[in-house]
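Below: a set of structures, written as structure tokens.
Next come two complexes, and both contain chain A; in the first it sits with chain B, in the second with chain C.
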Partner chain A sequence: MKPRIAIFSLTGCEGCSLAILELEDQLLAVLDAVEIVNFREGMTERAWDIDIGFVDGAVSTPGDEAEIRHYRESCKVLVAIGACACLGGINTLKNHQLAAEYRGYVYGERAAWFPTTAARPIAAVVKVDYELPGCPMVKEEFLRFVKHLLAGRQFRLPDYAVCVECKKRGNPCLYDRGVVCLGPMTRAGCDAICPTYGSKCEACRGIVSPEALAAAALNLRDQYHVPQEEVLAGLRLYGAYQEEKLP
Partner chain B sequence: MLDRVVHRTDLSALIDELARTRRIVGPVKHEDRFFYEAVDRAGRLDLDFTYCVYSPKAQLLPPKETLLTFDRTTGNFTCHPLYDERPTVLAGVHPCDLHAIKLLDHVFGAEHADEQYLSRRRHMFLIGIDCPHPCTAGVFCRDMHAHVADSGFDLMCYPLERDQAGRTVRYGVQVGTTAGQEAILYGRVGTPPTPEAEQHLARYQAEKDRAFPKAIPVDSAGLPGLLAKSYDSLLWEATARRCYSCGSCNLVCPTCYCFDIHDDGALGGNGGERVREWDGCQLRGFAEVAGPHNFRPKPGSRLRHRVFRKGKWILERTGLPGCVGCARCDRACTARISLVDMYKQLAEEV
Partner chain C sequence: MRNVTIDVKHVTRLEGHGNLAVRVRDGEITSLQLAIVESPRFFESFLRGRMYDEAPHITCRICGICSVGHTTASVKGIEAACGIEVSDQTILLRKLLFFGEQIQSHVLHLYFLAVPDFLGVGSVIPLAATHPDVVRRALRMKKLANDLCAAVGGRHIHPIAMHVGGFTHTPSDEELLGLKRRLEASRADLAETAALFKQLQVPALLRDTEYVALKVTGNGEYAFYDGEIVSTKDPSPTKPADYRNRIVESVVEHSAAKHCRSPQSPSYAVGALARFNNNHGQLHPAARNVAGEVGLKAPCRNPFHNNTAQLVETVHCIESSIALIDTMLQHGLKAEPCVRPQRFDRGVGLAEVPRGLLVHEYMLDDRGRIENANLIIPTGQNLANIEADMRAIVPAMLEAGSSKEEITLRLEMLIRAYDPCISCATHFLDIEWVD
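This part shows the complex of A and B:
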């Protein structure tokens, strides 16, 4: 029997679920190997006995919270996809502002009609079995995940930094041009796409390890003289780091 | 001893002649930096390059390569190894990197025959370019006795004469192999060396000797002893607090040859390929085995491991230097962890 797949979206741009449709030549092979039973971006019928549920978006409203609990109950395996679902993502920027303020400028006079909470990654609310981070999720990694699951092999995210992929691609390092790139502290898997196109890494795949974060705190302060607020602001963009202080 | 004297245009012509049956790879300038790249003619190379950001290692051991493909669709397991058999002229290799290639040859040829590596190596024609002065600040090739090379090339070119713009106009060429000898004969370029050219080379070498300062307190022969006394130094833990375990130092290093192998299955599950990718001892998962158990779970133990490999263990095991002093690792480290600094500190400690 083919595994029954669902794809859900909470608060986010739904770019991650769209990335699945962008698999193009591989999409047909995926569709051949699984049965999609619930996917708002791609179909109208919806069923609720699900083997693997993929969820993008953060838990950012009371409604999201109810939905994610329902998804968890309906899916044997729950997979968070994208920065929003894995880290809270861009949504978490509001966590560092006053609720009255951001609700005012986002919803204006009707703010009271739209209850929101602090944005959280899915794992803060329910148990998550796998995470495929990135903004958006990396479609090649999604494919690798599906292959591993179908073959019964253990799936692991890369446990090394973006620099590894950057170096394998033979890129010039942005630090040589005085740009403070977050690659050394960020989990790889995106094939260093941002540095490859000349932009610094902004840690959308999250921090790779506590040691790397601790090293970053030291290096950015002592070697590069970046003010701590700036480091925090950089790491908060995608919710990679939520605390007020660096180690 | 010189075998030929060639003008810069002769050298270009010689490479183009070799390229009738080979690809050309060599240093190409991008903004202010040089990278090894495949080009269609020698004129695109910049043989007066300082150093290439990445070493020529990738030309022999690519960052990622498919070793074999397999298929079991028919019930019979079939498997096809893949070899890169493209003849290549790698033009523009400095002495340090020639030494590094010698080490790779030993590891992939003598210690264990790696057919994929050997296939690339057999099809490679190596043209060395000597360095008249240190390519950049911070190198310690002299201390590692890798700033000169008397073998490991098909042809070696000494930049004997420069024009106003600093471009080399005349090279003294030394032949290293029969293939090199044939290239000179059939290429019909340059002139036989005169006694005057030999004197010129001697002068060049004397000037070069003065141009390369000692950069670390001990040389390659003294490093094993220094490190032997430093195994329990506090330096490792202290320095590694800054270490991201990002592996950049490994990946840019011309002598780091570690790799990982994994199988990539096709979606149907019946076929796929076996892939080899660069790995590095600074990465957290490098020494992880089943269990899971990690032999070097801490950045400090990984840092010490790398330095011991570079300064002591490889030399003791192979008789060849495990580090050629190119300082690519120091330049690549965004945490500014430096071999040169560590060696200096260790020498002060003992």
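This part shows the complex of A and C:
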């Protein structure tokens, strides 16, 4: 029996679902190995007897909460894909503003028509079995995950920082150009794609460990003299770190 | 059949969540809605207080399918607000990245979202068994478009290297040459695609519609990256900064996305067909040939032909990408620093993204922080027009004795023909701008 797969979207850009369709070279092989039974963006048929459910997007409305509980009940294995599902993602930027303020700014007097809550990762509401982080999700990592699952092997995310992959690729360090890059505290697995294309890491895959965060925070303060506010603003972009102070 | 009730929760093969609800009582439409039930997103709120140069990376997260389009309108809006003039090389690279996304988006829509309706299946998945060559061709074209985006921007979904003021990466000559060869080879796939679409039975619908698009005035290029706002009812050009003279927004309760009208019409259309109707004279000759082959003639007022216009534009974008790469190879690309802001003020950036005219407007404070932002999305502009088309389709099909199932499928096909992008459209702004 092929595993029955579903792909769902909560509040987000659906870019992670789209990333699956961008696996052009492997898509037909994947479709051969699994049966996709529920994927609103790509197909009309919808079934609810699901082995593995992939969810992109954050929980950001009362409706999302009901949906994610329904997905959890319908799926034997639930996988969060992308920064929104794993960290709350860019949606969490509103969590640092007063609800009346961000709702009123966009919807004015009609804010009540459109209910919303603080943006949260799906693990804040239901049990999540696996997380594939990133904004967007790294499609090669998705493929590695699917292979592991089909082979019955344990899947693990890298437990080291983006800097490791960045050095491996031979990139000059962005700090040498005066750029504040969040690679030292961010979980690897993206093959350091942003520094490779000349841009700073924005921590979209989340903090790799509290120790890495503490060490990087100390370096940023004492060696590079970066104001704490600036580091926090960077770490908040995709919800990697939401506290009011660095450790 | 005097009474009909149609309810489709979460119309499939659409980007985002939309519900279709139609009520006909005693032969009269009593209500008809394309309800936009996507979660509210609050992007304008996210932007407030962030630095000017973060806007493109934040706003591209509005939508995975059109993230290059949002990045483009965003850098243009911020650069207008900062008095930044980018280099010719930057504009060439932006256009190549932009064409990559147009091709990717159009191919995705034509093959994955629209074609299954015409072949009578629920998705592209069964086509892998019945029409494997069609699916392989679609994947090959889509991959080429993605690779084009990746070479310039690092990746298609949420591009990395494209920033306010320029690029932080330039593709190598080898990469460009490799892409050029594949683009040339894709002409065979385009010919097959045209042959496929020629066979498909496109439903008929003619309704007087205003088509709004950018146009490069004079004998300019087919407008994607540059241009001023024109329409089929008012061809006099409007400058980007004055977009409010052409787009009038209003709030309706059943849609988390605003509806739009123009000074001339209660609803209007944007997108590939709107661009074709306003700019067909500027198409690449190869694209014009394909238009002739599949029978698309301007002005075309059948919204189902938006698919056909997307096919014609795909040909244009492939040919234009080849020409852009030739120019780059001829002049040689070099690493350039991003241009720095001259001032912090207010600016508007427009672009013709896959689904139509996109507006990004920003107001910056004197430290370069974003004070206000307004984003007008193509799908939001099309919603009122989609409903107006449905109001024309339902009585005609009832008259012809069509079944409820036939009417439902036709309405879903209509919605898909507009290629709506609902994640994009679900936010609107209700603030007073102080000049």
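Criterion: the second predicted complex is superposed on the first by the 246 of 247 C-alpha atoms of A that agree within 3 Å, B and C clash if a C-alpha of one lies under 4 Å from a C-alpha of the other, contacts with A are read in each partner's own complex, and residues count from 1 in each chain.
As a convention for this text, a residue touches a chain if its C-beta (ideal position, glycine included) is under 8 Å from a C-beta of that chain, and two chains touch if they have at least 3 such contacts.
These numbers come from a predicted model, not from an experiment.
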item: Three-chain arrangement built on chain A, chain B and chain C clash or fit; value: fit
item: Contacts of A:Lys127 with chain B and chain C, given as first, second, both or neither; value: neither
item: Which of chain B and chain C A:Arg110 touches, first, second, both or neither; value: second
item: Partner chain in contact with A:His225 - chain B first, chain C second, else both or neither; value: neither
item: Comparing the two partners chain B and chain C, which touches a greater set of residues in chain A; value: C
item: Inter-chain angle, chain B to chain C through the CA centre of chain A, in degrees rounded to a multiple of 10; value: 110
item: Contacts of A:Tyr160 with chain B and chain C, given as first, second, both or neither; value: first
item: After superposition on chain A, the shortest CA separation from chain B to chain C (Å); value: 9
item: Overlapping contact positions on chain A, where the chain C interface meets the chain B interface; value: none
item: Sites on chain A touched by chain C in the complex; value: 9-19, 21-22, 24-25, 27-28, 31, 36, 39-46, 57, 60-61, 63-64, 89-91, 93-94, 97, 101-103, 105-110, 113-114, 116, 135-136, 193-194, 196-199, 202, 233, 237
item: Interfacial residue positions of chain A with respect to chain B in the complex; value: 26, 29-30, 32-33, 143, 146-147, 150-151, 153, 159-161, 163-164, 167-170, 172-173, 175-176, 181, 183-185, 209, 211-212, 214-216, 218-219, 223
item: Residue ranges of chain C in contact with chain A within the complex; value: 10, 12-17, 37, 39-42, 44-46, 48, 50, 54, 57-58, 61-65, 67, 108, 112-113, 116, 122-125, 128, 132, 135-136, 139-140, 142-143, 146, 153-158, 160-161, 163, 167-169, 251, 253, 256, 423, 427-431
item: Interfacial residue positions of chain B with respect to chain A in the complex; value: 30-31, 33, 35, 53-54, 58, 63-64, 241-248, 251-252, 265-269, 277-278, 280, 283-285, 299, 332, 334-336
